[in-house]
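After this come two complexes, each holding subunit A, first together with subunit B and then together with subunit C.
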Partner chain A sequence: MPGFLKEFFNRNGTLMGSIMLGLVLFWVIGLIILPQLSMLDFSFRPNLPPPEIGGPKDVYTLENYKYLIYGPEGGSQDYNAVDLAVFYRTLVAAVLVTLFNLAFCYPIAYYLGQTKGNHIRIFALMLIIPYWINEILRAFALRIIFGETGVFNTLLVGSGIFDTPFDFIRNDVALYAGLGYAYILLMIFPIYNVIESLDHNQIEAARDLGAPWWRIHWRVVIPYAKPGISSGCTMVFMLSAGALAAPQILGGPSSLWFTQLIYQQFNDNSDWPQGAAYAIVLLVTCILLVLAVMRLFKVNMGDIGK
Partner chain B sequence: MNPDKIIRYSIWIYLAIFFAYLLGPLIIMSATAFNSPGFPRMTPWECLTFDWFGALFRDERILNGIWNSVLVGIGTVIMSVSMGLAGALMLTQIWPKLRATYYTIIIAPILIPGVVLGISTLVFWDRINRMLGLGADSFLSNGLFLTIIGQSTFIASYCMLVLVARLQRYDMTLTEAALDLGATHAQAFRKVLMPFMFPAIASAGVLAFLASFENYNTTTFTFGEYPTLTIELAQKVRYGITPAISALAFMIVALTVFFALVNEANIKRKALIAEARKDATVGELAGKVEVPGFLSRNPAAIALIVLLIGTATVVGSAMAYSPDQCIAGVQEQKRLETERRIQELRDQRAKDAAEKSQQEGGAETQSTPKPSNNSGFGSVFAPGTLEGSDSDAGDAAPTDSGGNNSGFGNVFDPNALQNDDN
Partner chain C sequence: MSAGVGVDLENLWIRFGDFVAVRDANVNIKGGDFFSFLGPSGCGKTTILRAVSGFLDPSEGNVLIGGNNMQGIGPNKRPTALIFQNLALFPLMKVWENITFSMEIQGASARERRKRADELLDMIALPGQGDKLPSELSGGQKQRVAIARALCAEPDVLLLDEPLSALDLKLRQHMRTELREIQQRVGITFIYITHDQGEALTMSDDIAVMRAGVIDQIGDGKTIYNDPSTAFAASFVGENNVFRGKVSKIIGNEALISTNRSGELHARISTANQGKLQVGDDAMMFIRPEALSLAPTGTQGDHYVTAQVNHEEFEGNTYNIFTEGDGGKEIKISIPNLGQSFDDHTGQPITLEYDVSNAVVVPAGELASE
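Coming up: the complex of A and B.
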């Protein structure tokens, strides 16, 4: 038995030590690492009926990835324009949703973090309550509001701004509002946690030295809140790029989200390897994008989740 | 107006917009649960009704979904809290060199899209299943098992974060002291560490259950034969929405608010007790805190009582109240409205037809009223109709007094309203 393992068992006792080690190993290896590797492996294989898996036809292939870029073999187009466009739009929309959430949530996070008083707890409660409601129901609520006979259209038509109901769902307004709505809390809390620990005297000092309010934020608060901002942005971006419920419920019939393509590959086409390949592409692209942005703003991975 | 005031006003406007965005959809959705139309909407408000709650409780699939969700939730709570606790303990002991890598690995599931987690769970356990040579109905391809496993992968990370925050304040020498005094490792864990960690374990458990209950992205790939409530809701919402879903949402909102207020009131009460204890002698403790402390400075407790009274009133009036009459009234109104529209349309069509035929040739019009008879109405205004078609004329008289088969007569009949009310 290697030394460090012996020390570990000495410190925790044999029984407790092995339970602990077993649980951690099961989680890290059995639930996190192996499934991801298995999916990676799967994405390089052709789509075969179950009896042929492991047979001579089960060889590694790049076909599934090629499909995303070039489309079906012998297809009329040079590139798989539909899927690539969906992929591109998903990423761009996720970035926009993240930026919108940041702009929308930063002021309230700052306000909650720096204001003292009884009403702050009530505000915090009002923030948390929507987050406990089911994701599907939240999307459903927005669908009621943005529907053809919804509150918005009734107001707009009633006040004479529009003659006919505006189709919020077909124009993706509902989708973006829903995605922003779904992850507001994940943006607020990390920023709030950091700003709460900012000494108010620093802001006072900056004000006394004559800085206007926007410069106080730019030079004092935002640099201090950077870890919180980055972890909030990372979570919102990853979750909205990987969202499935909101696009399914709020998305227009013509606008697909990339996760919906994955879902279709799995459930409608029964092409698991293809779906796995798409999932890998989504995962890797998102991670690379997040890492690149974090490098750009000089933030550490370890700050995420704090 | 000085700039300070402008800033203050803009802060309040911003807060109002923010909370309207956050809470408005939920309030409107809850309100639609009490409106009678079959499509959930606020406007036009027709009738106050509680029928959608009944429709909800008669829905087998929803009830089954709730049951499955509870099963999955219990499994996920057990799995993820124990794995999260082990992971958190490991984090305090692992080699410093490995710590960053280890932390990245166990935090990663939070950032991995739920879709990816669902797929990888499905693919991996399907492969294990095949390696072991088990059939399609084995335990490893069971929807319940897969869903619990898939959800625990990332929910354990949430639990780990909650537990680590408390564990950092734990004094490791306490365990050592217990061991020195002759406790076994298991005893030290159970009697020293666990009581300290209990609040964090409880909140991790609640968090895990809620996260499991509302999970969709992962579950949608793994649920198999056990559709959870979220899955059932998603299918309902995608293929036709009814206010019964609003009714469910309203109940969830009410429950959430209720528990949030209970929690808040409890925290406040403890704070008040602690405050009172600080400057009270032992003798006056009991009398000073109890009754006034519960309500006087505790807005959450007051809100809680208001909520309870409100619920009792609503439930009580729901028992006594019947919306049938109102619904019948609205239906009647709608029917009249529809008939009026049909009438207008027919008038219009008849006029068009008349103009058209006049343009074609005035002489012929008089003698050929028949062709437009198919529409059932176009010929009413043609002078020859009454003589020409006996059937129409014969029907017209009885229609006015009773039914509305011909679809035109009774709108303008002053007796119509009285007849239908009977």
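Coming up: the complex of A and C.
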């Protein structure tokens, strides 16, 4: 038995240790690794009717991945332009949602983290309570707010800024707002957590040494909050790229989200292998992107857990 | 050495809601002085420092630095640099970046900053340590880096908020000497906040003794120690024995006090209270432990005290005798250890003698709690 396991059992006792270890292993292996592995396996198999599964045609193939790049065999185009465009647009949009969220949430997190007093708890509660409402309801509520006769258009047209109602849905404003709103807590709390532990004297020291406020953030607060920022950004990016309900409900008629394609493959086309391949491509691309950005900003994997 | 820039507090009041943190403070700090605010925690000394550095606006009154009113000028624009109690070094910046942060703000090139950092590191006796992170330094080294960082901003006034309190005793005593040396070398005004009277006495040109938002006395260390103007100043700075009583007679600048349990005693009226103290006033008389000596038992007179010995202790450099005193407080007598033999007096009556010039009378007032 390796040393850390021995210590783990010594500290928690054999029974509690086994239960805790068992639960963690079940969670990691049973609920994460095995299903993902079976998805990975699916993605390399042809889509066969049930009787042929396990038969001679059931061999590993790259066909599903090729489909994303080249489209159907004998198709009119050299590349699967539609799906690739959706894929690309989804990633770009997820990056934008992440950046927008960061810009919006950092000041809130900073305020929450560095201000003392009871009103902070009320503030936090006001952020949390909307999440009691389920995702679908929230998305439809946003659809109403952003609709042709919604609050925004009533205000904009009523105040004379616009002559005719602005189509927030078709222009994806509602989608971005919906996605941004869905994940603000996941951005605020990691940053808040880190900033709360930042000694306020450091901010005062920087100020005392002549730094203007933006410089204090740039040189003192943001470097310190980096683990929280990267943790929040990673979560928001991953979840935005993988979101389904918000794009479904708030997306314009012309803008598909890549997850909607995946959903179509699984559900409408009953082509699980194809859907699995798309999902794996999305997952791997997102992970690689996150790792690349982490390297760029010199963030360690260990920092994310903070 | 330049004359330095003075700091004046004029009728300074600072309130937090109903709580008065600083009550009508008037202080003139001469340029180039090492000035200490000395008082127990919660007495308002840090509040004063924050008002001078600009982190806090006075409710009333003015802070003047070099004769200029600082009203409405933020901490980043004032010619002050603050050294925080916990130092507040930037943990993610290297030592040299920490030191030259103020130059970075002003847009100095990396090369200039490096050069200045090396100069300052030499000055604080940490040459070649610029590339370390603060976490790699010891407590005393961090302390010096914090000083260098503040000095790098070339402030006219350096403000220090109990910066030595986190250090162990030996280092603290060493840093006292070092701080004083640095102050004399750079010649700028230092304002030092402390609750440690030893620090205040050893380093300062002048000391303001504070109690509950009020400045009780301002003076140099010797004056504060030898000629306290209030009961609080007498009891807070150094050890002191208190005798309570009423003024029974005034003879010029001296007084006779009829004490509650030691009879009539003769003492000098502290300078600030001369001419003010009246016969019949409640008064307190203070005598330092080292100003008391043993006299032949039974000697009578107005500068002799007879008391029963409670216990004794040998402290190495002194031999201390504790006798029953007034109002629950013991009287302590410290006899320097010069190699003489000490008799154990526990349980016996002894007679103590003092020189009238060493006994100070002030109006009765609040004592510093221990």
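A few notes on this one:
In the analysis below, the second predicted complex is superposed on the first by the 279 of 306 C-alpha atoms of A that agree within 3 Å, B and C clash if a C-alpha of one lies under 4 Å from a C-alpha of the other, contacts with A are read in each partner's own complex, and residues count from 1 in each chain.
Quick note on the criterion: a contact is a pair of C-beta atoms (placed from the backbone, for glycine too) under 8 Å apart; a residue touches a chain by one contact, two chains touch by 3 or more.
On a predicted model such as this, the values are computed, not experimentally measured, just so you know.
After superposition onto subunit A, the partners subunit B and subunit C occupy separate space and fit alongside each other. Touch criterion met: A:R207 reaches subunit C, while subunit B stays clear of it. When the two structures are aligned on the shared chain, A:V95 is found in touch with neither subunit B nor subunit C.
Residue contacts after overlaying the shared chain place A:V173 against neither subunit B nor subunit C. Which of subunit B and subunit C touches more residues of subunit A is settled by the count: it is B.
Contact with subunit C, but none with subunit B, is seen for A:R215 once the two complexes are overlaid on the shared chain. In the superposition on chain A, A:F4 makes contact with subunit B only, not with subunit C.
When the two complexes are overlaid on their common chain A, residue A:V293 makes contact with neither subunit B nor subunit C.
Following the chain A superposition, subunit B and subunit C show a smallest Cα-Cα distance of 8 angstrom.
Put simply, subunit A uses no single residue to touch subunit B in one complex and subunit C in the other. Residues 4, 8, 11-17, 19-21, 23-24, 26-28, 31-36, 38-39, 42, 50, 53-54, 104, 107-108, 111, 118, 121-123, 125-130, 132-145, 147, 149-151, 154, 181, 184, 213, 234-235, 238-239, 241-245, 248-249, 259, 262-263, 266, 272, 275-276, 279-280, 282-283, 286-287, 290, 301-302, 304-305 of subunit A touch subunit B in their complex. For subunit A in complex with subunit C, the touching residues are 199, 201-202, 204-212, 215, 219-220, 223-224. On subunit B, the positions that touch subunit A within their shared complex are 7, 11, 14-15, 18-19, 21-26, 28-29, 32, 39-43, 82-83, 86-87, 89-90, 93, 95, 100, 102-117, 119-125, 127, 130, 149, 152-153, 156-157, 161, 184-186, 189, 210, 213-217, 220-221, 229-230, 233-234, 237-238, 241, 245-246, 248-249, 252-253, 256-257, 260, 264, 299-300. Considering their complex, residues 53-55, 74-77, 80-82, 84-86, 88, 90-93, 101-102, 104-106, 149-150, 153 of subunit C touch subunit A.
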